[in-house]
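As structure tokens, the structure follows; a few thoughts come after it.
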Amino acid sequence: MENLMVWQDIQKIRSEAPLIHNITNYVVMNTTANALLAVGASPVMAHAPEEVEEMVTKAKALVINLGTLSITWVNSMLKAGHMANHGGIPIILDPVGSGATRFRTETAQLLLRNTPPSIVRANASEIRSLVLAEHATKGVESIHTPEETLEAAQFLSENCRCIVSVSGATDLIVEKSASIRILNGHPMMPRVTGLGCIATALTAAFAAVNPSMFLAAANAMALMGIAGEIAGENCPGPGSFQTRFLDALYSISESDIESRLKTQLF
Amino acid sequence: MENLMVWQDIQKIRSEAPLIHNITNYVVMNTTANALLAVGASPVMAHAPEEVEEMVTKAKALVINLGTLSITWVNSMLKAGHMANHGGIPIILDPVGSGATRFRTETAQLLLRNTPPSIVRANASEIRSLVLAEHATKGVESIHTPEETLEAAQFLSENCRCIVSVSGATDLIVEKSASIRILNGHPMMPRVTGLGCIATALTAAFAAVNPSMFLAAANAMALMGIAGEIAGENCPGPGSFQTRFLDALYSISESDIESRLKTQLF
Amino acid sequence: MENLMVWQDIQKIRSEAPLIHNITNYVVMNTTANALLAVGASPVMAHAPEEVEEMVTKAKALVINLGTLSITWVNSMLKAGHMANHGGIPIILDPVGSGATRFRTETAQLLLRNTPPSIVRANASEIRSLVLAEHATKGVESIHTPEETLEAAQFLSENCRCIVSVSGATDLIVEKSASIRILNGHPMMPRVTGLGCIATALTAAFAAVNPSMFLAAANAMALMGIAGEIAGENCPGPGSFQTRFLDALYSISESDIESRLKTQLF
């Protein structure tokens, strides 16, 4: 699909090797660094309050990921986030586990308010938890159907003035005036840990080279889905899938994208 | 072996996808999450004192693993452990490195006393260190032979009223009235980091679906050994072994288990 | 090259399985443990101030790696380092990110002064940052060319009385009276996270069996480069490269080394 220009962005990432500052969780530090390197970006992982402000000013995008959260890291997330906001560096927020515990939900809300992200990248249940938390005093009960997920993403997008990128069997990217669905992907993807976190890291790589946060979010999910399809072909299991997925990020070609990309703009 | 019913438990894990709460070490967070996903369980890694009590109540089993231990995490282990004990959620304790430093041995003892586990899953030297620590004032010297390891496991099992699962070339699972040896496995397994920790995580997955902690411990070690044999066939090295091991956990079949399982009940 | 005796050292590592104590970063804990196991060493990761002094006395070498640094770990690095210095256990320092933030540069300087390492293992930009920091008051501007990198490594080596091992397309190992270049390697190596940290960990394994820190540093880089070449042959991407690299560390033979090793002593 020409409008997305996924391939042009990939070429920019490969040639510019943008530095992506990640404050992310222990489970995925290795795999998200490898995914960023495979696509051509330059990852750095740094979380110490003594250095995050200095580090983020050298980066083209900042990932804040709440998996394996602890209170000492929230301080660093706020420090790095303020500096990124100040310097016009896009923040991609992944509220991992929002809704699973109050600590996660409240930290996600704190970051949404105090260090506004350009893009929130999450799964449907995390998006729902954030909307329900906002609605908590108004008696909204629950959000379950795809239509309700779309409405929740639209509500969050308007309320927080950011792009909302929801991963799932079909990915959904929402901004004020437009939405897009990415239909690519593979059923083995949820059987590998950290693919959602990799989606967030790649979204940051695209946000580093594309001034449109909406297109950056969509292109990242397109790349995820297509690389997932390539990795999943005749794949014996999730161990092999991981390996092949990194290989696909590295070797993906314009024709892979042209022949596979399936989207719905609405 | 019919009595173990490994396959029935695997089917239950695949269909129920039990949530396993892991407080585990940095080295293996990624690989244990992937092993749990591969077998069909749902891993969550969370260690913040602000959230572990809330998280564990949603889980079907709790892993407490002492690798890369630090004092701030002990507090979270105790909090999560108390809540698990209170809610009847099985705790699987892996005293990684017990015996290597006093800090590890004493933390293992602290957890054994204050948050009694259903299963202790460890290697022979860690089991010995716990028994020697209990015996410290009584002049017991050392424990080296297989017979002494069996006696140590029996002592620990009786003393702590828990199942003791000892991994090695032959795995040994001990309860008050019965013991079983699992003879499956592959010599490349000790050349991959974290396979012991994966054994612990899988033990938690089986404990989530099997009310007998003895059978859960035995079935997990049976799956480990058989998946290791499948992964090790014509395997060029430990890099490939890791990949194939996850693939085997994902694709293992009833006939793989029936044709390979070798046990000694005694 | 006979003088290096890479193969003899590998055989020693395989037969002695020396314990390597790593205080390293979250991103590479798993992959460096696996690399050490693949080559035949015994890794342990431990960072708690309560145990590092006890742990390091059991080890044959200590890795101190500054990636994902935080202030609480610096204390443990100093404690372990003092004990290692006291016990004659070689320290291999990897000043990851020195120069990227003041916190990293200053911590690297602190460790260089207070817990003198036997070997500093880093990339050219980290070496430069340390030299520039020493020169800060003297108006030295910058260091860019290979000749300047060599001079910087020589300066650091003399100033800190240690071996300096600089990884790059060509690796450079420097001591007071001699230098060696290792010309082996593969262009896919920088596309996998943590290979520099693996080089540091393997350097520790060689330092555990070879009394010459210069030869240990050179042999480790020779093994890295040759294993990289083997892994890189017809390699579809960095996912496969990782797997094959561990396999190569495990299966490398004397003839692989004899037929491939390319060095320049000067």
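As written, the chains take the letters A, B and C, and residue 1 is the first residue of each chain.
Convention: contacts are C-beta pairs under 8 Å (C-beta built on N, C-alpha and C of every residue); 3 or more make two chains touch, one makes a residue touch a chain.
None of these values were measured; they are calculated from a predicted model.
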Exercise for the section: Draw the chains as points, connect those that touch, then say whether the picture is a line, ring, star, complete or other. Expected result: complete
Handout entry: Superposing rotation of chain A relative to chain B, computed on C-alpha atoms, to nearest 5°
Key = 120
Practice task
Quick one: compare the interface residues of chain B with those of chain C and tell me same or different, with half as the dividing line.
Solution key: different
Handout entry: Intercentroid distance (Cα basis), chain C paired with chain B, Å
Key = 33
Exercise for the section: Pull out every residue in chain A that's touching 2 or more other chains. Expected result: 26, 30, 242-243
Handout entry: In the complex with chain C, residue positions of chain B that touch it
Key = 25-28, 30-31, 67-71, 97, 100-104, 190-194, 236-240, 242-243
Fill in the blank from the handout: Listed in rising order, chain C residues that touch chain B in their complex are 26, 29-30, 33-34, 37-38, 43-48, 50-51, 54-55, 58, 242-251
